[in-house]
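Here chain A shows up in two complexes: once beside chain B, once beside chain C.
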Partner chain A sequence: MAKLLVKERQVVVPGEELAEGMEYLPGFGAYRMDDHVRAKRLGIVNISGRAIKIIPLSGRYNPKTDDAIIGKVIDITLNGWRIDTNSAYTSLLSLKDGTTEYVQKGADLTRYYKIGDYVAVTIVNVTSQKLIDVSAKGPGLGKLSEGRIVRVNASKVPRIIGKGGSMISLIKEATNCRIMVGQNGIIWISGEPKKESIAAQAIGLIEEKAHLSGLTDEISRFLKEKVK
Partner chain B sequence: MQNEMQKNMLKYLEAGLRRDGRKKDEWRRISVEKGVSANAEGSARVKIGETEVLVGVKMIVDKPYPDRPDEGTLMVGAELLPMSSPDFETGPPGIWAIEIARVVDRGIRESGALDNKALCIKAGEHVWIISIDIVTINDAGNLLDASALGTLAAIEDTRFPAFDGEAIDYKTKTDKRIKMNKHPISVTVWKIGKHLLVDPTSDEEEAAEARLTVASIEDGKLCAMQKGGEEPLDMKDIQKMVDMALENAAKIRKNL
Partner chain C sequence: MVYEKRLDGRKFDELRPIEARAGIIKRADGSGYFRIGKSSAYAAVYGPRELYPRFLQNPTKGVLRCHYNMMPFSSVGGRVRPGGSRRSKEISMVTNKALLSVMELDDFTNAVIDVFIELDQTDAGTRCAGISAASIALADAGIVMKDLVSAVAIGVVDNSVVADLNYDEEAYDKGDVADIPFAVIPSTGKISLLQMDGIITKEQLNEAMELAQKKCGEINRIQRAALKDKFKAGENHAE
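Moving on to the complex of A and B:
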């Protein structure tokens, strides 16, 4: 006797009953208690077949291998830079992954990245102890200069990027800005001041209304109105 | 030394706007709500954009100062809750909290808005002490002006509790109010590069090199000033900042 207690795309809170009976299976963000499936996080229900998962609406960023993130240089060590990842853990950008140049022994590492600089990196490896290695080698990676940084909740990042990057390219096209979205919720925007400000406002709007549907239309209306 | 954020901010200011799309002298939405606390004699909640400040007034009866036996006093304290910003810690008040409290206190005191003699109950024995507590709920910039505005609103909202000559009965509120004949409004003008702006966000506060808080009353008379920040200001700057503060004070006064 299986019974679904929630609807697709409903907002649920931790502990809320999602389904009754053993027919349904707890997916990401859900767990089983006795014969009930319950929510582990605040988020939106997503039902696919027998599995119920939660798309989270809040929470801190959790580092994953291959994620592209934007970090802030917080320390310079003997063999690299320590990068704040906007999560509970910091990461290490080693010399060999930081730059393609040959670095002389004893060279001043602030030539490449200073404390306080923002760097676009990918996560190379996350150990079970949550030691994170990042690399700045790759297209579009490296030091970010001249733009501005906008911070959003990391769980809203998928909405900001959109399906196949649809939302972010909408903003890029309308505002003519270069935008880089880190999976950790740090976003870098660079362009003309007025357009940059519009892009930042659009991102703020997406973050605010991330749980609603029909967002793409609303953002495209907002951009059309602002960019004349 | 300029960092990336300051450079970016200056790029905006050169173009005549700010990072959130406002003009240099444009304020975020201001809301003032009076009477938000049941236990305080007077209270107010001020929101400027996302900045939120609560102000409470407690009326205390105590002995006057020996050199002013027939005058009541004003006491202002500010607490920056750790909840309101990642930069605030628990513990004794820091420099910033003390500065906010003193700037607010001075703005009201020096304007002469309060009639201290009217706060006297019996000369040499009992006077009213207006004790004001400022508590920050969220710091998104411009705590100074929000606190000053909230304090003014809270004093206006205050009703004296009953006092029978010995003890105060906080449960019974009388209809007696604190008389305020002037309304000193504090406006802080911030300087980034050569640009002057009001109502900064946290980012702008961080990037600013100097600031000047100007308290003024209805007829444009200055009551108090406070300079902050590391960079010096020259005469021209100060003149411009005072003019800008007076202009903006008139705008803010409408929210009371």
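Moving on to the complex of A and C:
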């Protein structure tokens, strides 16, 4: 009686029937209405056992605790910096989380981060009202000087990183660049200018073809051709 | 006089030719295009993003803001005055309500989702084209929604129930005309927009509602196909 109406990796749209009967359970991006499990966002079907979930193909970044993101300093307040997260909400980087140094009372905070600087941070806390605290303490975090910033859609980030970081290390090795991918879709690349550009192109290619399979091979071919 | 043959030769329950596409505006978070006959609508979605002025923010859920606009050169008749009007404000409001019933905005506290609907060419049925385009755009923007809203106008021209009136039919002067724009949520069959203009009998209204359900089903299939088409390109390269 229970019937699956879609195939694994199929593109589905909101309202589309995914399965019939009570056998299947709605996972992320799906909901049950009466007899049917339906999709509630645009994405790719992923079936694991009885649960059907949707991997989104689009959408802006939604801040989550523990995500490593790259943000831009947009304002300086009395006790820290306001960081744009590339989502609907801005975050606060407080003085004690911003730097390990001792900051004297009334010190000029632009010594650490200026307006317009890009900072790698992790999200410490997100409240129900979406007030976000971030921290720049940790390995690899802090101010990003030199290099360039590339922006992609946040839903494509898992594909850019690849399984266990396979895709991004492929690009890193081929171009010899330092790359940091923020979960919010902002990517920092630093290396030799020409190779930076190749890395950016490769990332663009992944973003464009994120919904297709066999991408790793295509990217490795692309990189081999470009980097001689 | 009875309206036996439609002015443009269509069958009574036949829609005008439809074209729908998704993802046509690059810098928007999501976009859609919906053309039905000579009425064509572009919809662009931005957000969820910060909502200002701040007093418009809702701390318990997100806000949906729709903006309907006919471009100055779009009308079949005279020139449309640029900018908002009493009419465009009303249509923006009903569009908002038609779409709101499928959306889940609980996760976007204090934020806004902006929908801009622009009509570059109009020949009646524009609010319906706008709603259909906006649904595509919202789905393309990755926003959580239970279903795509489909909309069509059903009317009565001189005692015959007809689907998708064009402007000539709306302005038919040899008999009574009624024009009812419908927006339907296909998965439940619920109606999220119903406005009415003109004179109609109870029987005809029931007939019109039934026809609206059927026709919105057709439009829904076209909307779904439009969204899926966006991801068709390059699929041949897949292994």
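In this section, the second predicted complex is superposed on the first by the 228 of 228 C-alpha atoms of A that agree within 3 Å, B and C clash if a C-alpha of one lies under 4 Å from a C-alpha of the other, contacts with A are read in each partner's own complex, and residues count from 1 in each chain.
As a convention for this text, a contact is a pair of C-beta atoms (placed from the backbone, for glycine too) under 8 Å apart; a residue touches a chain by one contact, two chains touch by 3 or more.
The model shown is predicted, which means the values in this text are computed figures rather than measured ones.
Peer 1: Identify the partner contact of A:201: answer first if only chain B is touched, second if only chain C is, both if each is, neither if none is.
Peer 2: first
Peer 1: Regarding the shared-chain residue A:212, is it in contact with chain B (first), chain C (second), both, or neither?
Peer 2: Second partner only, chain C.
Peer 1: Between chain B (first) and chain C (second), which does A:33 come into contact with in this model arrangement: first, second, both, or neither?
Peer 2: After superposition on chain A, A:33 lies in contact with chain C alone.
Peer 1: Touch check for A:118: first (chain B), second (chain C), both, or neither?
Peer 2: A:118 sits against chain B, while chain C stays out of touch.
Peer 1: After lining up the shared chain so the two structures overlap, which partner does A:142 touch, if you call chain B first and chain C second: first, second, both or neither?
Peer 2: neither
Peer 1: Does chain B (first) or chain C (second) touch A:59, or do both, or does neither?
Peer 2: A:59 contacts chain C only, not chain B.
Peer 1: Quick check for you: in the superposed arrangement, does A:155 touch first (chain B), second (chain C), both or neither?
Peer 2: second
Peer 1: By residue count, which of the two partners contacts chain A more extensively, chain B or chain C?
Peer 2: After superposition, C is the partner touching more of chain A.
Peer 1: I'd like to check the shared interface: which positions of chain A are touched by both chain B and chain C across the two complexes?
Peer 2: Shared contact residues on chain A: none.
Peer 1: Would you mind writing out the residues of chain B in touch with chain A in their complex?
Peer 2: It is residues 3-5, 7-8, 11-12, 14-15, 17-21 of chain B that touch chain A.
Peer 1: Which residues, counting only chain A, touch chain B once they are in their complex?
Peer 2: 116-118, 145-149, 192-194, 196-198, 200-201
Peer 1: Which residues of chain A touch chain C in the complex?
Peer 2: These residues of chain A touch chain C: 11, 13-16, 29, 31, 33, 36, 38, 40-43, 56-60, 62, 87-90, 128-130, 155, 208-209, 211-214, 217-218.
Peer 1: Write out the stretch or stretches of chain C touching chain A in their complex.
Peer 2: Residue list for chain C touching chain A: 29-30, 47-50, 59, 102, 104, 107-112, 139-148, 185-188, 220, 223-224, 227-228, 231, 234-235, 237-239.
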